[in-house]
Every structure is written in structure tokens, then in C-alpha cells.
Amino acid sequence: MATEQPEQRTWRRPTAFYNHYVKWAVYVVITVFLLWSAWNMRISPARIMDGWNAAVGLVEGMVPPEYTTQFKNELLIEGLVESLAMSVIATIVGVIISIPVAFMAAENIAPKPVYWTGRGIITVSRSFHELIIAIIAVKAVGIGALAGVIALSYKTVGFFAKLLAEEIEDIDSGQMEATEATGANRVQTMLFGVIPQVMPRIIGLTIYRWDINIRHSTIVGIVGAGGIGATLLNSFDQYDYDFFLTIIIAIIAIVMVGELISTYIRGRIQ
Amino acid sequence: MLSVTDLQKTYPSGDEALKGVSLDVTGSETVAMIGPSGAGKSTFIRCVNRLTEPTGGSVELDGLEITGLSGKELRNARRDMGMIFQEYNLIERLTVMENVLSGRLGYVSTWDAFRRKFAGDDIERAYEVLDRVGLGGHENNRADELSGGQRQRVGIARAILQRPKILLVDEPTSSLDPESSRAVMDLLTEIAAEDDIPVLINIHEVDLAEEYAGRIVGLRDGQKVFEGGPDDLDETARGQIYRGEEIPEGAGPTGKVAEAGTPGESSQEEGQIRRG
Amino acid sequence: MTDYQTWERRTPRQRIGRYILMLIVLVAAAVSWQLLQINYSYLGTAPTEFMDLINRMYPPNVGYTGEIISPMIETIHIAILGTALAVLMSIPVALIGAENTTPNRFTFVLGKFIISASRSVNVIIWALVFVIIFGSGALAGTLAIAVRSIGFCSKLIAEAIEEIDPGQVEAIQATGANSIEAAIYGIVPQVKPALIGVSTYRWDINVRASTIIGFVGAGGIGVELNTSINFFAWQQVLTILLAILIIVVFSEVVSAYLRRKVR
């Protein structure tokens, strides 16, 4: 095409990488890595066939979900109520701890060493999955809801403080300066110049985190940290798949109700 | 040549945007279509290349009836009509060159389009066209890095690269400042003359229409109420187009005029237009 | 007696509303606290127990590092492959779940259903299900991560598709391009930043998730972690936790870099 007329200009799309060789190298590396990952899964036709049969068996075992025995119903309700209670307490405790951490981690009001401490707390809290924290908490305080509350509160700090700190960093510094200019001290400045600006956000985030904590409170029981999760794992271990499905449906229902409430309240605030 | 006969458009909501408009555009003339907002100017242009589906009438380009076409035939017909949009409608996140070359998409295979592989001739021509619209050296800029006037010139370059038989231009200047507006209008008329293709422009700035167009068409309430040279556009004609006034008996020269809407009907709109 | 002007921040009605809200929160908290029946003696000993735990953990078992390299790599495999699968599958789901690209009403509802079904079940529950089907191992974990991520990715991508500027698609159609070309030029460039952003963000989440699905036997470092905890090998536990920390921070840096790169 272009080769017949040597004076003809060509055009290549500029790449986001340094040059086209780097671009292709990156593509090749990604492809090879994905293939390696897939190879590590040890997928074989036999395994897929077995899987299909097992899936059919599982569905047959699950349907219809069980809801007849009095004993199991009580177990279910008890677990769900405990999960809900854990989510409420963990949210309250977590938020109370988070607020000072958020102020520490806001670059525009905290001095540098405090800022880095705050950021550090957030990073460490965010790094580990709630189940890891829960399993450690179980070893520290024993099996039960207390471990779950500790794990969920711990996770709440990372989430809540991070988002609230970002909100504080975005505030209108004019309002803060105006308060300072009246001769207010540091705490008064926070109360009048900062808190009013971030209050709606604090309420919104609290509700949002409560919603997330409901989800998490239903599974931390898998490692013994209270709530419906323990019942879930038991039914699974005893091949009681129809009760397993009942629990999952109950969890989904409660999670959805929580989400609806949370969405509604947050909609009202804004 | 473009020949539109009795074009009608009724939206599903019942709004009659076009109530039978006929228009011929030939040679290398520049035809400006003026009229108040909501008169149906944009609908008319969009019905020509069927971005909006007309509900009646016919559109012929060089003897080919456009309204009945579908699929491949319609796409081939669209290749012959370059369109320039009010909001530029560039692919903001792609480079200027990709935007210009996208004018050739009707001619390349989908796979080549995906790989951004265009013929050498097209690339050479894209460079020439970019020089012509004054954007030489900007080919690797992203479209969203350019100013409004520059973007509209990329839009024009994309349309010219189609080697169209006609340019359809929908409010090219309403997002631009006066200076860029003039530059864009200069460019459009220049291209019409050099490439010997007609240009149909929708425009709401009457002074620009008078300055650049060879012929002016006035639209009101989906009907053609005026057609004539820029010199024919006197106060009476403006009154008809923008305020829906009846032609006073024995008044000065007007263009060839179709019947205007009754004053009673349009009194409400009149107020709106004056406020705007 | 001087009549001072009084000033109240809120109208009485607003105040009563606020009090009622606070009351509800307090009652909920009290009832919840009551229901949990927490043994306070545990709470009292918790700090001691916790310090004791830390003492037993420190120093980390350096010699153990060699043994966890391969499960750590498996963890990353699970996260990446799970995310890649999820993004691939969520593109069609997003297309039918977006109002402006869905072919008809039925596909739209189907799309929304897939999104909400995937999102409402926790990854660990998905992992349990896939362990039943495919047995223990990384395959179950990858599928659990993928299935859990589809809803999240599809939802955000569908939102991005709903927000595109239709004018750009129209302009490409006006040049005579076919509908696939119009999608490649008109839709893909507009959705690309969202696509990259969503996948890197989800990858971030999935790295964390893939560290725990081993608790139910779905592969990755979680298996080792569970074993070490059950055997009270606390120094190994700390080694694993540090390794997880490194990987999580690393993945966060990489995904932040990628998001910056794609504007």
C-alpha cells in the first residue's frame, strides 16, 4: 500500500507506554501470566465433568430449601439476630474510634508526624480481610460475638477514617480560617469550622458502613466469631444442603433489607 | 445534487417537526437554513442522512433515493454525505488523527478499523487535510486537548476525508466565539468552492448567513416560509421567519414564500423567542 | 427584668426529630448490646491476651518464608485470573444491564438480576459452593472470586455505558461506519477509563479476598494461615500476615499507578 510512494507519510497511534516495543512486551507478559495462572488451576475435562455432576447433586440437595424443623428455625433466627446486633455495636464502636483517626489522617489539619500515624493506622486496618482479623480475635478473646465485634470495628476504622479524612481534606478552608480569625482555639475551630462541614458525611458514611457490616457479620461466624456464619458452616459440613440454602436465602434477604434502608436514609440526608 | 421533496417528520409524541419541506441544493453553492429554535432546522439536516428517520417525503442524492435504504446501502449513501455537528461530536479520548481517519470507516473492514489500519493514501490525505484546516502538527494530540474552534476544524477534516458529495452542517458556530465562528465559516465556504461540493448549513446567526450563504432558506414551525438570496432577506421576511407575521399586502420584495402560520397560533412562541 | 433575646439553632420540630433519631440509635445500641450477652470477663482479659499473642508472634519465623512463596503466588494467580474472568464476563452483562444498550426489557431485567445475585452473596459463601462442585483448590477460589466480582464490575461498567455521549456514536454512524465500528470508535474509547478503573479497583479487593478463601479450602495463602493458626504456630502466622501486607500494599500501588496512567 504505502510502499509504492516513498514520500507518503505513515502514521501510528501514539502509545501510553514508552514505545510500541514496550507496549507489545507488556501485552505478552500479561498474556503469559494469565496462561500460567490458568495452567495452575489444573483444569481438566474430567474435573469439569465431575464438577457438573457435583453441581447437579448440590442443586438437588438444596432444593427445596428446608424451613420445617422448629429447632433449625430457632437456630436461624438466633444467628441472624446475633449478626444484626454485632453489626450495630461494631458500627458504633468503629465510628467512635474512627473520627479522631480521621482527623489525624487529614493532611490539612494534622501535623506531619500525626498525619503519618493516622495514615498508618488506616493502611494496616485496610490491609487484612475481616476474616483474618476475626480469626485472630477469636484466639485472643475466645469464640463468640465479642471476637466478631472486634473484627468488624477494626475494619470499620480503616474504611470510615479513610473516607472521612478525604472529606476533611476537601473542606472549604475559608470557613476554618474565619473561625480561627475570631480567636477560637484549636478544638473550637474543629467544632465550628470543620465538624459542621463534614457532619452530613459522617452520618452518611455511618449508615453505609452499617450496611457493609451487616454483610460481614453474616460470615465472620465461619471462623467462630459469632453470628449466623457458624450455623452456615455447620450445615455445610454436615452436607445439610437444603438448610444451607435456607440460610443463604435468609442472609441475602437481610442484606438486601439493610441495603434498602441504608440507601433510603442516605438519599434523605443528601 | 441533493433534492429533498415534501420531507415530513412526526415524532411518536405527536410533535410535527417537519410539515413537508422541499429544497434543492446543487453545484457548489452554500445554502443557509435559518429560523427560530424548534423550527425543525436540525431535524431537516438529520433526516437527510437519516440519523433521524423521516416519516414522509423523499431525499435524493445524485438520483439515489435515500429514504428507502437500509443496512449496507444506507451506510454507502452516508459515506457520500459529510456531517459536521454543533457539539463537534469528536471522539474526545482519541487522537486528532484517529478522529480524522474515522471519516474513512465506511471504506475499511471492521478488523482494520479495530487495528487502526488505514490505507496509505488515506493517511497522506489526512495529513493534507489537517494542514488545510490549519491543524498541521496536531495529529497526535488528543481531541479533548484542543480548543472549541480547533475541535470544529477536526470535525470538518473528518467530513472532508469522506470525499463527500455534499456537506451537511448542523449549527457549526453556536458553541464558538465570534472569531472562531468566522474562521469556521470561511473554511466551509472555501472547501465548497475548491472541492466543488454544495454545503447545507443550519445556522441561527442571521448575519453570518447573510455574509456567507449564496441562498437562504427560512424555516418556521416545520415549514419553509422564505427562500431567496441574502439581499431578499428584509425586515418583512425576518418578521415572517422569526415572528410568524403575515405578509402585508403589497409590501416590499420578499422571497418565494409559502404560507406562514397564522399569527394567533404563534403568539405564544413569539414571546419565547423574544425573551431568548 | 431585661428580656434577653434567645437564640436556638434549630426549630422545635427539627429538634424533636433529631432527638427521636438519637433515641432510636441509642435503643438499637442498647438492645444489641444486651442481645450479644458478651462475657465482660473476656473483655477485661482481652488486652492481656492480645499482648500475649503479640509476644508469641514476635519475632516472625524467617525460615518459614520459603514455604509460603508458592501459596502466595497462588493467591496472586487467583486474584488476577478471577478478576480477568469477572471483567470478561461482566462486559456482556453490563451491555444488557445498561438502559441505552440493552436489546429489550427482558434482557435488561436479566442483567439487573445477575448483578444483584452476584453481589448479594459473600465471596466466602461462593467459595463454599465451588468447593463442593470442584473440590478444594485454586479453581474453586478463582471461580468464587470471579462470580462474586461480576456484579460489582457489571454494575459500574453499565453505569459508565449509560453515561456516554451519544453524539460521538452518531458522528461515527454518519460517516457510513457499521454498528461494530461505531461501537469500537464511539463507545469503547468513552468506556475505557471506567473499564480499567473498575478492573484495577476490583483487583485490589480481590487480592484481599483471595487471602481468606483458603479458610474453606479454596486455595491460596488462607490454607496455610488457617493451618498455622490451628497449630498455634504464631510466628508463622506473623510471617504470613507480613507477606499479605506486602502484597496488598504492592497491589494498591500498582492499581493506583494504572488508574493514573489511563485518563
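Per-chain numbering from 1; labels A, B and C assigned in written order.
Everything that follows uses one rule, which is that contacts are C-beta pairs under 8 Å (C-beta built on N, C-alpha and C of every residue); 3 or more make two chains touch, one makes a residue touch a chain.
Protein names from UniProt, one per chain: A, C = Phosphonate ABC transporter, permease protein PhnE; B = Phosphonate ABC transporter ATP-binding protein.
Not measured: the values here are computed from a predicted model.
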Chain-level touch network, classified as line, ring, star, complete or other: complete
From chain A, the most remote chain by mean C-alpha position: B
Pair of chains joined by the greatest number of C-beta pairs in contact: A-C
Separation of mean Cα positions, chain C and chain A [Å, integer]: 5
Approximate Å spacing (C-alpha centroids) for the pair chain A, chain B: 52
Whole-Å gap separating chain B and chain C, where each centre is the average of the chain's CA atoms: 49
Multi-chain contact sites of chain B, meaning residues that touch two or more partners: 98
Interface residues, chain A side, partner chain C - complex: 16, 33-34, 36-38, 40-43, 47, 50-51, 54-55, 58, 81-82, 84-86, 88-89, 92, 123-124, 126-129, 131-132, 135-136, 139-142, 144-146, 149-150, 215-216, 218-219, 222-223, 226, 232-233, 236, 248, 251-252, 255-256
Touch list for chain B against partner chain C, complex: 49, 51, 75-79, 81-83, 85, 87, 89-94, 98, 102-107, 110, 113-114, 155, 158, 162
Chain B contact footprint on chain A (complex, rising order): 1-3, 5, 8-11, 13-14
Partner chain A, residues of chain C touching it in the complex: 25, 28-29, 31-33, 35-39, 42-43, 45-46, 49-50, 53, 74, 77-78, 80-81, 84, 116, 120-122, 124-125, 128-129, 132-135, 137-139, 142, 208-209, 211-212, 215-216, 225-226, 229, 237, 241, 244-245, 248-249, 261-262
Contact footprint of chain A on chain B as seen in their complex: 95, 97-98, 101, 116, 119-121, 123-124, 126-127, 139-140
